[in-house]
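So, here's a batch of structures to check.
Next, two complexes with subunit A in common: one pairs it with subunit B, the other with subunit C.
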Partner chain A sequence: MSGFSRTVWLVLRKDFTVEVRSLEIAYTMLFFAVSCVLIFAFALVQEGRAPEGGAAGILWIAVAFAGTLALGRTFERERQSETLRALLLAPAARPAVYVGKLLGIVALLLAAEMLLVPLVALLFQAPLLAHPVWLALILVTGTIGFAAVGTLFAAMLVRARSRDVLLPVLLYPITVPVIIAGVRATAALLQPEMDAAVIRFWLALLVTFDVVFVTLSLWTFEPLMTD
Partner chain B sequence: MIPAQFDELRVDDVSRHFGRRRALSRITFQAPRGAMLGLLGPNGAGKSTMLALLATLLRPSAGAIRYGDREAAAYGPSLRAAIGVLGHDLFLYPELTARENLEFFAGLYGVASPRDAAAAALQTAGLTERADDPVSSFSRGMRQRLALERALIHTPRLVLLDEPFTGLDDSSAAALSRRLRGLRDAGMITVLATHDLDLAEGLFDRAVFLRDGRMTATVDRPEALRAMYRDIMSRST
Partner chain C sequence: MKKWFMPAVIVCGLMFAIAPVLIAGAPYESTMGLVQKIFYVHLPSAWTFLLAAIICGVASVRYLFGGAARQDRLAWAAAELVVLFGAITLVTGPLWARKAWGVWWQWDVRLTASLMGWMVAVAYLMLRRYGGPGSDKLAAGLALFGMANVPFIYISVNYWRTIHPTTNVVPTLPTSFGVPLWFSAVSFLLLFVLLLRVRVRLEEQRAKLDAMYLSMDA
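Up next is the complex of A and B:
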């Protein structure tokens, strides 16, 4: 295993172990995301009928809000004992630390989505699970795009006094294109006649965002975290 | 990764500003291999900033820090592999066990056998019996011992310690002093910032006194540290 991939694995395994021991982020994130879906379901589903496209929007709102919570908490943990400083002091490649943290957040969000998808499908009577492969592709690419920017910003803001306010203020404007592409792709999936060309277009856009955001983050993580 | 090799730490006329605030101004000292150097001064004197500069977490605004004959930028990550830092915060994950913490950091520093290194470090810290307990269940003294071994797990050439005596009882403080003398015998360059002058008595080969970011005095082989500190600080007001 190369030095880069070993560092990614060490950081990912450490985050996973810490989370399994505490389940703090998982519980907070799920409680918040499920509450969000339930409130929207009670507000929007009238006489058993949900508004068209509502399920796609609610799913991505829940993912974005839960993701913001997870990002904040993950780095708050690194701040409490200044362990982020210890990670930066190690001779390991700093972009590898970023990738390890990113994969941990993506894994957490995908786990939350596995619960959210059936819940949204049930409450909004949406055939979300009719095309599981397409749905998985949309969720994975959308989640990576959102988490790529979020991980960078959360790491940058870890020492800022008003980090809880600043994170969504910085994160949402930049990730809105990802969320819109995710919503449009998911909505296209829910049409009675699924249009594969439309879904492919939005998926290609999501992949492009992922490549751009991950590349920029890898490039900027080291200078942003130094000095 | 092969850690950087150097036999001397040299700080030449180093200043550091944060915006318009000057945290350190024209600091100069040097420490050869096996030397223990004390950074002494009241709160806000610039001790932690000096340690952050030596750890490469900050860059000097002016002046140069040389590790051997080269500055930090010339080494890259291999310099970080030769530096061990024990901060005021202990850099430990409370949810992980002592062994997991040590193995994680040994892995990050590219130690050949993280498991063996962690076992040896646990023995040195006297924590073998608590190796598989989460760090959150440890007393402050146990955490401090573990954190010191975490900082030393890769056998660094330069050791930077920020207030290592904080929260230790008498026996733990005495054990830490013995461990620090061992670092000197092992040829490590140790830079220690502390307020605990009584505990640091007899430890230093050289003491650098700081006040308001300025170096007020440098004393080789300082004795009667507390009286010397009072005298130097009263002269510098």
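Up next is the complex of A and C:
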């Protein structure tokens, strides 16, 4: 294994071990995501029926909100006893540390989505599971795009004051295209006649976004994390 | 202050005094009537908004990759002007749209992209204001991401539909409409340059003062 992928693996394994011991982020994030879905259900359901096409939007709102929570907590944990500084001082490539962190967040979010998708499908009578492969592709590409920007911003905000409020303030305007593309693709999936051309367009946009923003993050992680 | 500054302020003041006269003297547009005159403020402020955003982005990238503190001061000043001219654009736009389209707001590509760009600039200022020490680098990173984001917003919203007039109309304008427009545009540009200069100078003075305090301690 080369040095880069070894560092990625070590960072990922460390985060996984810490998380498995307490499951703090996983449980709180999941509960928060479920509460989000329920609040939207109470806000939007009228006379016992869910609005047309609301499911796609609610799913992505829950992912974005829960993702922000997970990002904040993951790096708050690193801030206590300055473990992030130790991580950055280690003789390892900075981009590898970023990739390790990113994969951890993506794994956490995908786990949450596995619970959210059936829940939204059930509560909003949406045929979300009719095309599992397409849905998985949309969710994976969307999650990577959201987490790529989120991981970089959460990491750089570790040093800033009022970081908990600043993270969503900075993150949401930048991730708007991911949310638009994710919601539109999921909504196209939920149509009675699935529109493959539309889904392909949004997937292509999501993949381009992922490539551009992961590249930019790898490129800027080094100067942004240097005091 | 530089020698050109005070004369430029006077010229700018005169131009803003004359602009309303020119705009009032321009003929009424046949279908929209009086409302169309907002366009003489809306378009120049939108251009200035875009120019400020580009300056902020370029200066931020240069600062992030080993640039001097000068670039950072320029980026900060430009970001504040993005918010200012963006606010003018985003207020005058809906005033016109209410009359021309019948609604205040449309999720049109230009509108959405402008709003998101404006929000990134506001987020930039909040980060600088509340981020504490070290937030200059972080803000530069945010500006870089904000710039990279624009094409994505553009493509994703363009896929819906667009009703905003395109800039193709500008070169085809008759002189009676064109003269007030270009006059107004030059006035806004001059105002932008002056404000940018004042703001950068303020930061320069602050930096100098900080350096003096530090040298006193030493």
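As a working rule, the second predicted complex is superposed on the first by the 225 of 227 C-alpha atoms of A that agree within 3 Å, B and C clash if a C-alpha of one lies under 4 Å from a C-alpha of the other, contacts with A are read in each partner's own complex, and residues count from 1 in each chain.
The rule we apply is simple: a residue touches a chain if its C-beta (ideal position, glycine included) is under 8 Å from a C-beta of that chain, and two chains touch if they have at least 3 such contacts.
All of these numbers come straight from a predicted model, not from anything done at the bench.
A.B. asks: Considering only the touch criterion stated at the top, classify A:34 as touching first (subunit B), second (subunit C), both, or neither.
C.D. replies: Neither partner.
A.B. asks: Of the two partners subunit B and subunit C, indicate the one touching more residues belonging to subunit A.
C.D. replies: C
A.B. asks: Applying the document's definition of touch, where does A:83 land relative to subunit B and subunit C: first, second, both, or neither?
C.D. replies: So A:83 only meets subunit B here.
A.B. asks: With the two structures laid over each other on chain A, which partner does A:115 touch: subunit B (first), subunit C (second), both, or neither?
C.D. replies: neither
A.B. asks: After the superposition on A, what does A:223 contact: first (subunit B), second (subunit C), both or neither?
C.D. replies: second
A.B. asks: Would you check which partner chain A:3 touches, where first means subunit B only, second means subunit C only, and both and neither mean what they say?
C.D. replies: first
A.B. asks: With the touch criterion stated at the top, can you tell me which subunit A residues are shared between the subunit B interface and the subunit C interface?
C.D. replies: Correct list for subunit A: 226-227.
A.B. asks: Note which residues of subunit A are touching subunit C in the complex, please.
C.D. replies: Listed in rising order, the residues of subunit A that touch subunit C are 149, 152-153, 156-157, 159-162, 165-166, 169-170, 173-174, 176-177, 180-181, 184, 201, 205, 208-209, 212-213, 216, 220, 223-224, 226-227.
A.B. asks: Subunit B touches which residues of subunit A in the complex?
C.D. replies: Touching subunit B: residues 3, 6-7, 10, 14, 17-18, 21-22, 80-83, 85-93, 226-227 of subunit A.
A.B. asks: Quick check on the complex: what are the subunit C residues that touch subunit A?
C.D. replies: 64-66, 116, 119-120, 123, 126-127, 130-132, 134-135, 137-138, 141-142, 144-146, 148-149, 152-153, 155-157, 159
A.B. asks: Looking at the complex, which residues from subunit B come into contact with subunit A?
C.D. replies: Residues of subunit B touching subunit A: 1, 3, 55-59, 77-81, 83, 85, 87, 89-96, 100, 104-105, 107-110, 134.
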